[in-house]
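Heads up, the next two complexes both have chain A, just with different partners, chain B and then chain C.
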Partner chain A sequence: MGALVLRRFGALLAVLFGLACIVFVLQTVIPSDPARAMVGANASQEAVEAKKAELGYDDPLPQQFTQYLQRLAQGDLQSSLRTRNEVTADLREFAPATFELAFSAFVLAVAMGLGLGLLLAGGGRAGRIIRIFLIGGASVPAFLTGLLLILVFYSWLGILPASGRVGDNFIVPDGPTNLLVVDSIIGGTPDLTLDALKHLILPALTLALLPALAIARTLSTSLTQVEREDYVRTARSKGLTERTVLLKHALRNASGPALTMSGLQVGLMLGGVVVVERIFAWPGIGLYIDQSIAYSDFPAITGATLLLGTAYVLVNFFVDLTQAWADPRIRTV
Partner chain B sequence: MTGTGPVLDVQDLHVTFASSGGDVHAVRGASLQIAPGEVVGLVGESGSGKSVLGLTALGLLPRKPEPRLEGVVLLDGLDMITATDEDMRARRGTDISAVFQDPMGSLNPSMRIGAQVAEAAGGATDEEVAEMLAATGIPEPEHKARAYPHELSGGLRQRVMIAMALSRHPKLIIADEPTTALDVTVQAKVLDLLAAASRERGVALLLVTHDLGVAARICDRIAVAYAGRIVEEGTAAQLLQQPHHPYTVGLLASRPRLDGSIAGGDLPTLPGRPPDPRLPLAGCAFAPRCPAADAQCAGPLAIHVNGERRNECHHPGVLTRWPEGGPHAGRRDPILLKAPNPVVAPAMVRGVPPEPAVVVRGAVREFERPKPFPFAKRPAPFTAVAGVDLEVPHAGSVAIVGESGSGKSTLLRMIVGLLEPTAGDVTLGPGAPPQMIFQDAGASLTPWMPIGKQIEERLAALDVPSSERGARVAATLEAVGLPAEAQTAVPRALSGGQRQRAAIARAIAVPPALLACDEPVSALDVSLAAQVLNLLCHLRETLDIALLFVTHDLAAARAVADEVVVMQRGEIVERAATEDLFTDPQHPYTRELLAAVPEIHAMAVPA
Partner chain C sequence: MSAITRVGGPASRMWRGRPALSPGALKGETVWHALIPVAILSLVILIAPVLAPYGGTDVNPVGALQSPSPDAWFGTDEIGRDVFSRILIGIRTSWFAALGVILLGTIIGGLIGAIAGAFGGKVDMVLMRITDLFLSLPAPVLAIAVIAAMGPSLRNTLIALSIVWWPWYARIVRGEVRALAARPHAEAAQLAGVSRTRLVLKHLLPGAAAPVIVTMSLDVGNLILALAGLSFIGLGAPPPAPELGAMSARGLQYLFGHPWVPIAPAAAVALLALAANLLGDAINRRLDQRTTR
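Right after this comes the complex of A and B.
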């Protein structure tokens, strides 16, 4: 297992390097003029040239690339053209909100996928009804789900808030984690915790719904296959209850494809975050990217892309390890 | 009613599965009793209903398609047909347990061995688990308890299954083909272990098998199943020495044997096929295939009971010896298939002594092992084949025998070009490139493509003009004994034996100089296996195809090969003409292999 962790970690570093390269290429290829953007539209051509030289855009590409890598290694993502702040500082401000949302959505997606998958594989009437619901649900895009949820739970029922991370009447604590739910628990303010959770529900559900359906379908398919395996028959021949057979013998062996699917869905969720944060006015990276695009704020866009990409690669690193835990046969490969 | 009554009492059991093509009658009125502590063999071919009977007793029939059950199956007093799921579940493990065929698949791959045994025992300490493992002859039981199934050999895994089956001292163990998937030397040991363990503990055992030899080795009593009924039943000695039912006689005769009584000739085969399980039966189900059948046999069944013996034949004991040959004996006339193909054996045309089909010199094959961690030194490679010389003469027949891990399949794969040798040379003779037949014919055929198309594909690949292909496909199907309808059938629509014939048809559509067969009959029933072996021999004669035959089944090797090569740990330890090897084995390993084959001794058939 230790060797496997090492190998996978090596692969992780390689993927991150590849990601950095791609971002650099995009940065150089895309026709935008950050120097012009920085000095302003009315500045003279000399001022633009001077800024270019200062930023190193006149250097030969290989030199630019090494400098870019050096800066990355030091955690320097340059300054945002729009906010004039260091991109790292901006990200530090916006990332926790996104992380809180994405993590909640991921947990929700896995939990719902697991439950629905088990029900589906169980067959019977419940399974058939859920199957219809799944196929219907899977064809509804996230922005529509979000709007529907707002309509039902905010406009009609009025039981859940539909924008922001927290109500106006609360004071947002300053740290230590900038994860509102965690900070409020640490700070001992249960009212704030509850309010933060309420704000989380709709956006997290919107983000989680499609991934949950994908996970459920994958899980139910592999569960149905595992049900036919000889070792499940062996488990029954031991006189185990159906519940034990399902949870102890079938589920773990069926989890591989569902775990792979969960990892892939994280990618979709990180992409979906941009849309969902906009719908729910969630002050996270999605909103930050959304605003940066309008300004051609390249340092901001690439910085956020690098962060999301790293998150995706990290999550899949852990998915790989979970798979190896679930199936000892993978460990020796 | 515990105590003196039978531990399992099956009376007039019918099991029917609903299917889109009509009801499938898997069991049609079978009755069988097993006394406490008795070891009973239930022998039959696939489709005879033997496994369904075992699963019914366990209450573990598949739920889809939904089975319909009639009759009585009393497990120590509880009727497993009317009992609730919960009642049946409560009996499993404690009263009845099971050992299944495939030790590879029967253990949970993600659970440690010890945990699985403890679970079967309904909770056990590490020491108790180790004791149970040790009792089934597993070395280093404490260590093995921490292993995962894939880290153990097939034989050890099957011992684990047995340890689990014994763990709660059940009254009955159902062992369904427990040794079929194992190597022959391991087979014997596992069988003996199963018999000894059940005798010592007074556990009754129902051994479900297709192999009379396996049943003969350990059983007190044998029941022969055919088309869902028990057609004959008696003590092992009675049944083997004086079979009353013609089907039993046929089963005994079609077993390839080591003592060479069929030397040179065909293996006797049973003509025809078992009846379609979807059709109702009138009279004796075996009558259409029976040499002794007459008008009476179509009437109501005759059931004879005499003490321990029982049979369902109108003319019990009339047939003492299966008639020579089978329907295939009449098919020895050459089939015209090779004529229009000039690539076959040009040497023959020129009258020069033909070159060997393949010559192997110093073949070595190593497999790299993965590094334990990145930047580690790569461990020494695993040597599967360690320098082997082999020659298969033109139209000759060589069998390679050995256990799994002996390197025999790796050698075969190098010869047909599926693997590159690490060192050494493989020189193929002239003619069409070699073809291969695999153990699992079903998996080697493309599932969605009709058989005719698959054969045509092969013809196209070797540039047979498209105008000739139709006729060649028809001729090839005939040559392998498949009906013309098989041309449009997809593999799923064929039986196991037919699928293997289809795979052979594809391989010989353009006759190769060498046909490499990897365990071609080990997945088939005895009588089907005999037919396929005969077919291979005929094809060799009529098409001048050399056969290279990899098998762990020594009897099959004897039936087809001129020369036998014995492999162990990647090396050839003995090679000899077939007769010499079987009558006068030189190497101790060969003797061990021969001794382990389950044989039916004392086959004194009264005239």
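Right after this comes the complex of A and C.
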């Protein structure tokens, strides 16, 4: 296991370096002029040149690249053109909301995927209908899900809020984690916890739906395969109930691919966050990206890309390790 | 179903059941026949805007935000454009944009995969490491960054999506080429003194056609959703072009009073993706059946 962790960690570092390279390439090919954007449209040509020299855009590319890596290592992502803050500071402000949303959606997706996958595998003749349902579900764009959920639960039933993280009449605690649900539990304000959870439901559900279907599909496929194996037949012929066979015997061996799929779906979620946060006015990284796009705020977008990319790589690193821990057969590969 | 089902793929790629087609098991004809329904649907989508009662950008301020009626089937938007007409045109854009990305991705990925598979050794290693790198990163996030860097336009969106979409095809083609290269017919061709280029083009690549087409057909639906999502956050053709995602996004503020404005284009995306997914599923099963029989 130790060797595996080391090897995967090496791969993790390589991928992060690759991500940094890709972002650097993007920075060098952008058609817009960041120096011009920083000093303003009315600034003199000299001011632009001075800013260019200051930012190092006149240096040869290899030198720019080493400087860029040094800045990254120091956690310097330059300043946002729109908010004029350090991008790192902006990200620190918006990241907790996105983390809270993405984490809830991930848990929800795994839970729904597990449930649906088991239902599918145990479904028997209903399989064909459920298959159509899954294809149908996988065709619904996240923004349609979001709009319909808002119409039903906010507009018609009026039982769930449809925008923001918390109601206006609450005072938002200042830390320590900036995760609203966690902070409100620590601060002992159950009303706030409940309100924050209510605000989480619709966006998290919207974000979780497509990944949940993908996880369910993967799980049911691998369950069907595992069910053909001899040990499952043995378990059945011992007279165990179908439920015990499925849950106690088949599920663990079938969970590997579903786990991998869960990790991969995080990538879809991190992209979906931009759409979902816009619909639900959720003050996170996605909304930050959305607003930065309108301003061509490239430092902000690259900063957010680096953050989300790193998060994705880290999640999949841990998914890999979890899988190896759960399934000893993988450790030797 | 095939015995081996590959799981995973870039995040946007959630379709299970990529079949393990045995290389070269399909005759070219079968493969192309499977694509006939795609061609028919493309034709229908291409000429559908003829039915549009109004132009995609015709503005009629007097008739803004009208409810659906026989005159305007899906109502009109905030500046009086006919939603139904715009949707028909938007569907055409979405569909052909998705096909375009797939084609570009297949060409780039196919080229890289073929080169890696044919040369082997260091070339193979370097190209596959680059492929792995792209597969290890969140494709939708990368696409957003690439479009934002190049400036939002439909063309740049297509380029950006192709950039994040090719790695899967590179991997499939490379795998097939390497598997086929070890087969007697490839050895025979080599012994007969066939050039490397001809060997790859004539004897190795055709074997990769079936798995590539299955993957392509299962991808169209995902791409339609990806394109619509990007368009929704303003990374598509700039207004006033009728694009489904952007239409829905701009209609967001009218959700409560005039729900058809944001919902109708979103529902059109779902219908189009559904059609693509059903087609892809049918193609998948047809080609799958032929090879595992």
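Quick notes
Everything that follows uses one rule, which is that the second predicted complex is superposed on the first by the 317 of 333 C-alpha atoms of A that agree within 3 Å, B and C clash if a C-alpha of one lies under 4 Å from a C-alpha of the other, contacts with A are read in each partner's own complex, and residues count from 1 in each chain.
The definition used in the following text is that a residue touches a chain if its C-beta (ideal position, glycine included) is under 8 Å from a C-beta of that chain, and two chains touch if they have at least 3 such contacts.
Everything numeric here is computed off the predicted structure, so don't read it as measured data.
In the superposition on chain A, contact of A:S296 is made with chain C only, not with chain B. Within the superposed three-chain model, A:E229 lies in touch with chain B and out of touch with chain C [touch as defined at top]. For chain A, the partner with contacts to more residues, out of chain B and chain C, is C.
In the superposition on chain A, A:A324 makes contact with neither chain B nor chain C. Under the contact criterion defined above, no residue of chain A touches both chain B in one complex and chain C in the other. Per the touch definition, chain B reaches chain A in the complex via residues 58, 60, 89-94, 97-98, 100-102, 105-111, 119-120, 122, 148, 150, 161, 164, 370-374, 376. Those residues of chain A that touch chain B in the complex are listed here as 2-3, 6-7, 10, 229-231, 233-241, 249, 252-253, 326-329, 332-333. By the touch criterion given at the top, residues 1, 5, 7-12, 14-17, 133, 136-146, 148-152, 221, 225-226, 228-229, 232-235, 245, 248-249, 252, 255-256, 259, 262-263, 266-267, 269-271, 273-274, 276-278, 281 of chain C touch chain A in their complex. Against chain C, the residues of chain A that register as touching in their complex are 11, 14-15, 18-19, 22-23, 26-27, 29-32, 135-136, 138-144, 147-148, 150-151, 155, 210-211, 213-214, 217-218, 221-222, 224-225, 257, 260-261, 264-272, 274-275, 278-279, 289-290, 292-294, 296, 298, 301-302, 305, 308-309, 312-313, 316.
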